[in-house]
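Dropping the structures in below, format is structure tokens.
Consider the two complexes below, in which chain A is the common component and chain B and chain C are the respective partners.
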Partner chain A sequence: MATTKLHLKPWDGIVVALLLLAAAVFFALWQKDGASLGTPPAVEIYVDGQLMRTVPIPSHKEEVRIETAYGVNLLHIGPEGVAMAEADCASRDCVHTAPLTRADGAIACLPHRLLVRLSGNLSTKDAPEEVDVVAG
Partner chain B sequence: MRDKRTGRLVLMALFLTAAWAVGAMERLISFDFAVPGVKLGLGNVVVLTALYLFPFREVLGIALLKCVLVAMTFGSFPSLVYSVSGSLLSLLAMACLLRGLGKRLSPVGVSAAGAVFHNLGQLAAASVVMGTRYVWAYLPVLMVSGIITGVIVGIAVGFLLPRLAKIPLVRDNCPRLRHLLDDGNVV
Partner chain C sequence: MKYRIGALLICGILLAGLLPGCTSGQSEPVFRTKTDVFGTVIQITLHAYEAEDVLDAVFERMDKLHALLTVNAVDSDVGRINQNPGRWTEVDPVTVSLVETALRYARLSDGAFDCTIAPVTTLWGFPSGMPSLPEPAAIREALAQVDYTRLETRDRAVRTASPGMAIDLGGIAKGYACDEAAALLRQQGVTSAILDFGGNVYALGNKPDGSLWKVGLQTPVAGAGGIIGHITCADKAIVTSGGYERWFEENGVTYHHILDPATGYPADSGLLSATIVTDSATNADALSTACFVLGVEEGLALIAGLDGVEAIFVTTAREVIVTDGLQTAFTLTDETFTRGKP
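Entry: the complex of A and B
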């Protein structure tokens, strides 16, 4: 009959080690995912390649006015995405750029040396894959 | 001679009651320190022990009825969704491990895997119910805490099984357990 001692087996260690490894892999994956989980993403506004402002995504649509020595841009940010609403340049290519929802996209306004990107993906459903658009 | 089926019915009713009582007890112990929702998972002591004693289908019944009973007495509908999803995945994982590696694993390994899959099931349900994938950020923390609590639960089951096997009601109705213990496969 069985004794009252607990007998661990080698496979117990293997199973526990595999589970810990899986936890570590998941952790590494999410760290790599641009901190898009856990903390809600924010809008990062770069001028001349320097981070000028960081604006958290508001729960309702908001306007952000960006005034620099190069010109004025009006940004619409909200939970659905980030879009350039106005720009006082000739081409206004940035205004025609598709709204930004993912960390791997960006809206650029070259005449104003302005770049807008997201620090993480927005949790909009079936967000389209975005391609970086460089405006002239 | 006593009816075998009656003895088995009594035994399973006792298990279901124990599962409910442990689940109820666990709600009284506040165990939330770092992450909301981290629990000791003591209910798995009963479910895992049942897996060593009864066929899978009967354990499935115990596990599901336990979820319903706990939700009816203490919980709500959302908590029922989470616990059913977690319990099912956990039970499946443990049953597969027992079937595939039962001779090479002690209850400690089986229980650790069961706890991690319980967390997986709960997070899957939470991400569907809340419509966000942000909840998956909790997974690594929950997996590590699940492994720790799972090992504790497994140790408890490891000590429990040989003692249960000495009880006549269990010995007479669960030939499965006696074979496992005689072969030295469990503990």
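Entry: the complex of A and C
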């Protein structure tokens, strides 16, 4: 059976080093923000603690109606952010919550046992400083 | 030659594929949420920990604590205490301990934090989620029942002094639940996690890479979004009280949910928010409410008398006042606010 011997030369080492470097850069970017290289950010909608629906961020603003046994909420989602536009709950705290642009925040509608969050950060013009979580 | 290039490319692809496996502890974070306890949304994110079932035990514990401590159920410990005024009610030791903690902070804050404010909060409709402005006479009547000195505990029992009195541990129960969750996670070997109980944050351990957590502080203005700055920390509770999240509007006037036990109306102490940073979320929960009611001067005096407790106050004049222990850990990033002197 014929065999092929592989004789490595100095240039081969350089090519391997470059490949390693490229792999390391790719991995670092992937670790920093998976959304930038992989799946784009999406809206995650939880009801009763269960992930009910995942909606990709559209290129233009769209309405998403969430109808559950607890009530109805209307989300506005788009590249600029995710906002609770309407809710038939009594307190309407969710409608008062500022729009989401980052994965470190969430919009909650407690009477409807609803949580809305982002799987990654949106590339908005006024990107706020990156933090691990927001207290308040 | 083409064999060599092919071999090198395969090597490169394999190495790229192996890199993620070389970084132990860099697994995807585990996220779980719960929206049916303590009138808030719980979000727990475990980092560098793959056994998701640890969260089953945590959420089971949250259900049990909620069943004991909620004011909205007649069969909870708090519900039974409130239906049995003037008489001792046998309750779980957790409830006794939490009432005692609430009483300790009531005494420390001279009543600015007072868990006997329940008749007034109920009148305003905040616990039911259907708030409205009560008549002044009704507020005066309810306020007459607010007096923490007439609330007593003994071994496994709690007693309010008279009919009409009632307690609400909502100002401290969420913090206690957060501490319990953090303790359970630690027992199971979790060393890196973020616990978010409706904005009350506990940063457990360090980040998976060993660095400090960076916790943003929400801008304390209704609907504003964004953060005013951030704190770097590890193993700390960061709890804020402010009137910017739960409020309603009536006749063009905004009313928020943190009521002053001295007046029966929403606290108006010149603060947009009071944030407490300390080891215990329970203590931080009670202290943030007390400081929000007290205002800057009295709040700072209260904090100064406590070990290991730091605070950040944001005033209605958009000044941010930070206690000494947080001077380096806190960074103000919103230039529309200025840093004031403590």
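Structure notes:
What we mean here is this: the second predicted complex is superposed on the first by the 91 of 136 C-alpha atoms of A that agree within 3 Å, B and C clash if a C-alpha of one lies under 4 Å from a C-alpha of the other, contacts with A are read in each partner's own complex, and residues count from 1 in each chain.
Basically, a contact is a pair of C-beta atoms (placed from the backbone, for glycine too) under 8 Å apart; a residue touches a chain by one contact, two chains touch by 3 or more.
Predicted model, so just to flag it, every value in this text is computed and none were measured.
Contacts of A:P10 after superposition: chain B is touched, whereas chain C is not reached.
In the superposed model, A:A69 makes contact with neither chain B nor chain C.
By the touch criterion stated above, A:L115 is placed in contact with chain C alone, chain B being left untouched. Of the two partner chains placed by the overlay, only chain C lies in contact with A:A90; chain B stays clear of it. Put simply, more of the residues of chain A are touched by C, taking chain B and chain C as the two choices. Looking at the shared chain after the overlay, A:L20 reaches both chain B and chain C.
Note: residues 4, 6, 8, 12, 15-16, 19-20, 22-24, 26-27, 30 of chain A belong to the chain B contact set and to the chain C contact set alike, using the contact criterion stated above. For chain A in complex with chain C, the residues that touch the partner chain are 4, 6, 8, 12, 15-16, 19-20, 22-24, 26-27, 30-31, 46, 48-49, 89-91, 93, 96-99, 101, 104-106, 108, 110-111, 113-115, 117, 128-136. Of all the residues in chain B, the ones that touch chain A in their complex are 97, 101, 104-106, 108-110, 112-113, 116, 132-134, 136-137, 139-140, 143-144, 147, 151, 154-155, 158-159, 161-163, 165-166, 181-182, 184, 186-187. Within the complex formed with chain B, the residues of chain A that make contact are 1-16, 19-20, 22-24, 26-27, 30, 37-38, 123. By the touch rule above, chain C contacts chain A in their complex via residues 3-4, 7-9, 11-12, 15-16, 19-20, 23, 26, 32-36, 39-41, 43, 45, 59, 128-131, 194, 196, 198-201, 203, 207, 213-220, 222-227, 230, 238-240, 242, 245-248, 273, 275, 333.
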